[in-house]
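My structure is below; once you've seen it, I'll send some questions.
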Amino acid sequence: MAEKILMKGNEAIAISAIRNGVDGYFGYPITPQSEVMETLMKEKPWESTGMVVLQAESETSSINMVYGGASCGKKVMTSSSSPGVSLMCEGISYMAGAELPCVVVDVMRGGPGLGTIQPSQSDYNQIVKGGGHGDYHNIVIAPASAQDMYDFIDWGFELAFKYRNPVVVLADGIIGQMMEKVELHPMKPRRTDEEILQAAPWATTGKAATRARNIITSLSLDADIQEKFNRKLKNKYDIIEQTEVKYSEYMAEDAEYIFVAFGCSSRICEAVVDELRGEGIKAGLLRPVTLYPFPSKEIARLAGQARSMMSVELNLGQMVDDVRLAVAGACPVYFYGRQGGNIFTPEEIVMEFKKANSLE
Amino acid sequence: MSISTEEIRKPENIVYRRPALLTDNVMHYCPGCSHGTVHKILAEVIEDMGIQDKTIGICPVGCSVFAYNYIDIDWQEAAHGRAPALATATKRLCPDKYVFTYQGDGDLASIGTAEIIHACGRGENIVVIFINNGIYGMTGGQMAPTTLIGMKTSTTPYGRDPKLNGFPLVIADMLAHLDGTAYITRQSVHTAPAVRKAKAAIRKAFEYSQKGIGLSFVEIVSTCNSGWKMTPVDANKWMVEHMFEKYPVGDIKDVLAAK
Amino acid sequence: MKEEIIIAGFGGQGVLSMGKILAYSAIMQDMEVTWMPSYGPEMRGGTANVCVILSDKKIGSPIVTKYDTVIALNQQSLDKFEKTVKPGGLLLYDPNGITRTPERTDIEIHKIDAIEVAARLGNSKVYNMAVLGAFLKLRPVVAMENVEKGLAKSIPARYGSLIPVNKAAIEEGMKAVE
C-alpha cells in the first residue's frame, strides 16, 4: 500500500518534485506558497536525488534560471503567486518562443497589484490567455486537491516535454494551504545524461562532433521566418486541443442546470449540487481540469440539455467568457464570483443560483 | 626563386589562420567593431582548451545577440539582461560544463544589474565577458550606464550631463567588492599586444570557472565607431584617450594571485 | 460518517496542531480529511481557527458554514461560532475566562477545563490534547489506537519523547469533560 501523508498542497508540490525526478527548482518567496521552497530546503534533495534547489533574487531571475535549466533538457520548475507570476510572464513568453519545457506553479491570491494574500482565481485570464507578449499558449492544468498538487507535477512535466511547451499548474491559496491526505507513488529517478540526450536532442548539452550546434532562441528578426514559426506553434496547439482536454463531471448526466467551476471552486460547487439535488433540482457540475486546452466541446454538449449554466469563480468573471464562447447562445450563462480573497459558501451560491434562474 | 601558391599553402607554412570554431557565417558587426576580435579570441580559447563539447554560451540582447551564429558551440539566447540567471542554472545543473555569458553594457550594466550582482554574490562558477563600449549599439547609439560624462549619444545629444543623466557605473570595480567573485579584469583589443593579453585573461577565466572559487569577469573596453560616429582608427584613439581614464585596463581582483 | 468540526481559540493554544493530529488520526483509520486554517479578518487579533472535516467518502467542499462540532477556546470564538453549530450538534468550550456562557438549547453543550488538566500533568503545551481527549470522549470518531498513530505521525521524530505526555493528556481530557 502506498504511503499516505497529511500535507498542505504546497508541501505536496515540493515532495512530488523530489519523488518524480525533477532536476531543479528555482524560486523566490511569496505568500501563500512559500512552503514550496521551505519544504524543499528542509528536505535537502541535493543530498538524496541530486536535485538543485536555489533561492533566486527575484521572480524575474527564477524564471530565467528555469529557462537556462530547461535549455539543458533538464526537468526544472518554479512556483510563485500572482504578483510574482506577473514578473515571470516575460520569461514564460521567451520559453514558449524557444519551445522550452517547464512547469510553473501559480498559487493565486487576490489582486490586482499587491492585492491580498488570501485565495483567489483572478489570474485565469493572465495564464490561460497568455500573460506575456506574443502569440502563444501555456498548457494550463488546475488542481482541486492536495493529491492533485502532487500528481500534476509529474503530469505537467509529461505534457511539457511531449509538446516542448511551458505548463502552468494554476492553483489557489486554498489548495496550497489546505492539508489533505496525499498518497505517495513510487519514486521516479532523475533522468540520466543519456536519457536526456534521448528525450531532448535539441538541448544545449555541449556540441558533440556528431551533431550541429544546438541553439535555444526565440529570435527571428525575419517576418516570414517568424510567421512560419507561429504557424508551427498553431499546429502544436491544435494537436494539444484535440488530444489533451481533461475534465470531470459531477451529476451532470441528467442535469438541467450546469455549474462550471475549476480548482477549489469546483469542490465548493459539489456541495451546491448536493444541496440543490436534495431540493429536487437537477443540478450538475463540470470541472475543467485543463483550462488550456479548454473543454469547449463538452460544455457545448451539456448546453444542449441545460436550461442554464453558471460559471462560479473567485474573480470578477474570467472563465465565464470561455464558457459563453463554448455555449454559443444555446442556453443562458450566468456568473457568480467573489473577489479579493473572499471565499463563497455553498449556501451563498445556492441563493445566487436561484436568483439568476428565478427559482424562488 | 619563385614559390607557387600551393607551396605557400602547405600546412607547415601556415603561421596564422582563422580559428576552427568560427563559423562561415558573415559577421553582421560594423567594420572596426571590437566584437569580431573578441569572438575570435574566445573561439581560440575554446579550441585551445579542447572544450567545444563542454562549453555552453549564453548570448545577450544587443549587438552580440547573434553571437550564436559565429562560434560553433551550443548556445542559449537570453532575454535582455538575464544571461547570468540562465548561466546560474546551467552551471548548477551541469557542473562539468564550462558556462559563460557574453554581454554588452546595456544588457549587463543597465537592465541586468540585479542578475549580474546576484550571480557574483552567490559566487556562481561561470565566466562573464562584458563588452563595454559606453553606448547602445544595436538600437542606434543611445546612452548606456557606462557612457562617459560629456559623451554625445542619441539620447544625450548635448553630452551626458550628470545632473540630468547621473554618473557612469564602473561595474568591474563594483563587482570586485563582492565575496563571490574570483577574478575581475579589464582588458581591451585595440592593439596586437592588447589582444594577446585579453585572450590570456579569457583563458584564465575559463580555467578558474572549473576550480569552484567563484565568478570570473572579463571586461573588454571596446569601441563602437558607428555609434561614436568616428572612423575605426579615430575610435581606437578616442578610447585610449577617454575611456581608459575612467575604465583603466588591468587586473582588479585575482583571488589565486593574492595567495 | 462525516464530521465537520471547527476549532477556534487564541494563537498559541495549539488550535492548528490539534486539528492536524485529529486529521492525521483519521487518515490512520483510512478516512478522508481536509484541514483548512482560517483566512480573512478573523485571523486578526490573535485568534486562530481551523476547520477539519473527517469523512468515509471523498470530501467535496472544504468550506462549510455549519458545523457538527464547534470547539471554542475563548470568548470571541464562542460568540462567533455558537450560532454555527448544526441543530443537535456539539459545542465544546473551555470555561476559563468565559463571561457569557452558551445560550442555545437545541444543541449538546459541554465544558472542558483543559488548563487544569495540563497543569496537573505539568506541561502547559498539552492543553490542546486535553481538549482533543474531551472531544473524542463525546464523539469517538477515531479509535484511540489510531489517535496514537496520528500523534506519532504529527510530532517530529526529535520530540518523540513527548508522545506519552500528549497521550496522557488525551486520556485525562476524556475523564475531565463535563
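Think of it as A, B and C in the order they're written, each chain with its own count starting at 1.
In this text, contacts are C-beta pairs under 8 Å (C-beta built on N, C-alpha and C of every residue); 3 or more make two chains touch, one makes a residue touch a chain.
Since the structure is predicted, the reported quantities are computational estimates derived from the model, not experimental observations.
Visitor: With chain centres set to the mean of the C-alpha atoms, which chain is at the far end from subunit C?
Guide: Result for the farthest chain: B.
Visitor: Which chain has the mean of its C-alpha atoms lying nearest to the mean of all protein C-alpha atoms shown?
Guide: Here the chain at the core of the arrangement is A.
Visitor: Measuring from the mean C-alpha position of subunit A to the mean C-alpha position of subunit B, what distance in angstrom results?
Guide: About 40 Å separates the centre of subunit A from that of subunit B.
Visitor: Measure off the straight-line distance from the CA centroid of subunit A to the CA centroid of subunit C, and report it in whole Å.
Guide: Centre separation, subunit A to subunit C: 34 Å.
Visitor: Roughly how far is subunit B from subunit C, centre to centre by C-alpha average, rounded to an integer in Å?
Guide: Centres of subunit B and subunit C (C-alpha means) sit 64 Å apart.
Visitor: Can you pull out the residues of subunit C that are in contact with at least two other chains?
Guide: Within subunit C, no residue contacts more than one other chain.
Visitor: Spell out, as numbers or ranges, the residues of subunit A touching 2 or more other chains.
Guide: Within subunit A, no residue contacts more than one other chain.
Visitor: Could you list the positions in subunit B whose residues touch two or more of the other chains?
Guide: Residue numbers touching two or more other chains: none in subunit B.
Visitor: Considering only the defined contacts, which subunit B positions touch subunit A in the complex?
Guide: It is residues 52-56, 58-59, 65, 68, 72-79, 82, 85-90, 92-94, 97, 114-115, 117-118, 121 of subunit B that touch subunit A.
Visitor: Over in the complex, which subunit A residues touch subunit B? Could you list them?
Guide: Subunit A residues touching subunit B: 23-24, 26, 52, 54, 56-58, 60-62, 64-69, 71-72, 74, 76, 90-91, 94, 98, 204-209, 213-219.
Visitor: What does subunit A use to touch subunit C in their complex?
Guide: These residues of subunit A touch subunit C: 4-6, 118-119, 173-174, 177-181, 264, 267-272, 274, 341-347.
Visitor: Can you list the residues on subunit C that touch subunit A in the complex?
Guide: The touching residues are 20, 23-24, 27, 32-37, 39-40, 59-65, 153-154.
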